[in-house]
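Chain lettering (A, B and C) follows the sequence in which the chains are written, and residue indices restart at 1 in each chain.
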Amino acid sequence: MNKISSKNITILALLIFACFTVLSIGKVAESSENVIRVGAPLPLTGPLSPEGKKQVEGYDLWAETANKAGGVKVGNQRYRVEIVYHDYQSNTPRAVQLAEKLITEDKVHITFSPFGSGATKAASGVSEKYGIPTMAATASSEEVYNQGYRYLFNTFTPNQTLTEPLSDIVKERLPNAKKVAILARNDLFPLAIANVMNDSAKKRGFDVAFFEKYAIGTMDHASALTLIRAAKPDWIFATGYINDLILIRKQMGDLGISASVVTMIAGPAYKEFVDATGPLAENVTSASWWHPAVRYKGEDVFGTTENYNKMFEKKYGRVPDYAQASASAAGAIFQVAIEKAGTLDRKKIRETLAGLEVLTFWGPIKFGSTGQIISLKPPVFQIQNGTQVVIYPSEIQQAEFRVGVK
Amino acid sequence: MRRLLLCLVVVFVLVLPLWGNNYIIRLTTMMMLYSVLSLSWNFIGGFAGYPSFATASFFGLGAYSGAISQVHGVPMFLAWPVGGLVAALFAAALGLAILHLRGHYFAIATLVVAEVLREIVNSWTDLTGGGMGLNLPILRLDVNAQARLFYFSMFVLAIMTVIAASYVSKRRLGFGLRCIKQNEDAANMIGINTTVYKTTAFVLSAVFVGCAGAFYASWVNYIEPGDVFEVLLSVKPIVMVLLGSSGTVIGPVLGAVVFLFLEEMVWRNFLTFHAGVLGLLIVALVLFLPGGLLGLYFRRVFHWKESR
Amino acid sequence: MLIAQIIVNGLVLGGLYACIASGFSLVWGVLNIINILHGSFIIIGSYVAYFAYNYLGIHPFLSVTIAAIVLFLFGYLIQAGIINRVVAAPVLTTLTLTFGLELLVNNSLLAAFKADYRKVILENPLGVIDMGGIIVPLDRLATMVLALILTGLLYWVLNASRIGRAIVAVRMDREAAALMGVKVKQIYAITFGLGAVMAGAAGSVMSVIFPISPLNNILFLGKAFVICVLGGLGSVPGAMIGGLALGMIESFGGLIFGPEHAMTLAFSLLILLLIFRPTGIIGKRGYQ
């Protein structure tokens, strides 16, 4: 056809009209009962799905616990918590789209961020535009919070709070250690924390002999590891997500690489890491924002940390790690803020959050001017005899730091 | 009659924001974006018959150049043409390098270019934010006003693309491209400067896509290399054109509308199997509907014996 | 010393790559179809090995045979049932078709096995050999050797067997082969099946070193592209050379440019080759 024929246009017009009619049917009816709807866009399928699932566990536990206790108190009414999940398939643009859908179609009151610093940053624009209080349970990098947004809050302190105490420990125990090698995944959080580690190390006089990035999805780290081996570092610091770190640790073993200290973020906190690497996990260090060994007497719906661990184990049959705890904490903090504000008005909730100072099972909660939490003391831990033990801070220290990773 | 119908469609689109909520508006904006992509691909793939998988490259380049401009203070409406220009220049250069390839080799070259660009953008952290992505300044404008602003802007871009496609189709350029598709050597012999024609088509397939990319960046406020250089961005426009029927002007638009509709329906109902259903659609399309929907309507017989 | 280790790394990787690409190259050369499904075939082979090992106790190197059978059937059916219908169609059609099939197959794998990375963890790991400072993990070495053996087998089949000669004949001249009594469509199906077999076998063998997940399909495919253009199409020796070349390029590229650029390097090379020398390093389109 050489021109825009009238028949073609008719078809087009009819089709467009039909499409819209059908799509408009899928609207959600607004319910009149007392429900707080919380939006949760998560990667339930795709490469990040293991992480997404952990978030679901954490959120569900909170919703269940809150509802069992009678619901969230808003003024003198009780509201049931309902979490609205949508799967963005580990695809960031979809996460942004879904964040908007949750607000405009599902009519949620508040939202949780998608997984990870990247998607959190992307979706935060949407919640800022609409003025929806949003809690990020998995985003620590400061770059996420430098937009001047007022509706975004989170549960992870900046990356330095992980690398600084760790660097102090290494510097203190190994005064003769000189060289550090850093291998980072080229992704928002892993790269950001590697950069921060670079600064922490340099500040203490370490020589960063190697600092390279690897592409997302790298399946073979032999070249990078060969170069690391040649540099003979005292301290190897690797970042990535659990699958990357398992692979790196294994290939380190294959290539016969050993060092005084091997630190990996963010895999060793999970039992899956220990299971997959076996004896290679011994003496690997890591840091995270929470550990089941911490002991706080919180004012939130979970109360003490021990109580949280118990409830988690009862529901899921295993010990929680910081990922699920963070998700539950996100919900618990929202609950505290709403109950304190006494209303579901979003602006008031936001203001309450901004000024909040409360102790929870997750730790002390206070947000800085960017919305990022500033009050945590992230534990440093090490894998000894197949389990994670806390070696810092001293209040909850379970064991001494051990040197030497084969 | 034709004009009346055209006007009706245009009026419908213009009037939609009055009764649609932001989600419907977003969806329609997406539909128009898809139309721009499919119409653009049609220049090189439908008219000239070159299987280009370069749409993602152009989109990504447009997105990043537009975004980087905006981050450095260029106003949004200027950043979009910048995206288009960068993509067009790249297409011209790339075209000169690879348009002498035929068939599979051309397809692979275009496929791979997007990957290389993605990695370059990923590594150039200082300029592009690398793996950490790039945030654009958000408009301090009411949400509803914003939705409508983007809606109408994309509408303008889509109309421009349709006009370009219609113009090319009627003129010598379109005729020349069709000759190239039928038999490039013969076209050469009868005096058509195939290099110029092909490169023009290639550039045309890039300029609107580049603008759309820059638009997309402003629209979502955050881009990552993996998102804007994604290979599916190259494949979907092809599917849309195959769906609608290639070589026509309305075909790609039709394909885009139907495709988006299917995508939304599938997405709502098949949580874990979207890609699979898309795959199924593609297979069904290729096997049973080779002429596209319009071809079905007119019962055209399309010849498979094409020059390679 | 470092250089020696890099060379060894490159060779070990290269042998594997040769196996990955040989099937892909065969299908492209004979059927003129770019099989986007190739990556997923490899992954299916890996899953076969994984489940065979964890549930039946069969060592991945042995389950190559199971993977081969499974994939041959799968490949044959796909070609006979689906692709053969449009096998003479233009590039765009066949490419889009295999793309669609790949989406379908890959999504099915994801739905069935989830995205989690699995690894075959051998009960008795093979350990490493230390040759004066150069360390070669034995499982990688074994994998490379096996991969080369498989590639050699393919070459032998193409040269020595009747079916192999028929495939080569179809490759050279379809009409003439048909006139000589060769059932072209069946040969197509067998060829596609063979391509799938090579992919599955490679996957089986690689399951001991690479993590298994449906998400790796594009990685394998990308490498296969580069190797085919490097080594020339439809030629097993070509795939071998291309594979080894790519292994070395990645290894040295990692040293010079940093590990994260390895793939970009390979692709840039691909584009340059396509622009200036599309027939590859060998320089002619081989027939075996």
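One rule holds for everything that comes next: a residue touches a chain if its C-beta (ideal position, glycine included) is under 8 Å from a C-beta of that chain, and two chains touch if they have at least 3 such contacts.
No experiment lies behind these values; they were computed from the predicted model shown.
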item: Maximum centroid distance from chain C, chain identifier (CA atoms); value: A
item: Winner on C-beta contact pairs when A-C is weighed against A-B; value: A-B
item: Between chain B and chain C, centroid-to-centroid distance (C-alpha), Å; value: 32
item: Chain A and chain B, separation of their C-alpha mean positions in angstrom; value: 35
item: Per-residue overlap in chain A, given as positions that touch at least 2 other chains; value: 45, 186, 213, 215
item: Touching two or more other chains - residues of chain B; value: 119, 122-123, 272, 274
item: Two or more partner chains touched - positions in chain C; value: 110, 260, 263
item: Residues of chain A defined as touching chain C within the complex; value: 45-47, 49-50, 90, 186, 212-215, 217-224, 226-227, 230, 243, 246-247, 254-256, 276, 278
item: Of chain C, residues touching chain B in the complex; value: 28, 32, 34, 82, 85-86, 88-93, 95-97, 99-108, 110-111, 218, 222, 225, 229, 260-261, 263-264, 267-268, 270-271, 274-275, 278
item: Residue ranges of chain B touching chain C (in the complex, touch as defined); value: 45, 49, 51, 97-98, 101, 103-105, 107-109, 111-113, 115-116, 119-120, 122-123, 231, 235, 238-239, 242, 272-283, 285-287, 290, 304-306, 308
item: Chain A residues within the chain B interface of the complex; value: 1-13, 15-17, 19-20, 22-24, 26, 44-45, 87, 89, 91-93, 96-97, 100-101, 104-105, 117-118, 121-122, 125, 128-130, 141, 143, 147, 185-188, 191-192, 213, 215-216
item: Chain A contact footprint on chain B (complex, rising order); value: 1-2, 5-6, 8-9, 12, 16, 20-24, 26-27, 119, 122-123, 125, 130-133, 135, 138, 143, 146, 166, 169-170, 174, 220-222, 224, 226-227, 247-251, 253-254, 257-258, 260-261, 264-265, 268, 271-272, 274, 293-294, 297
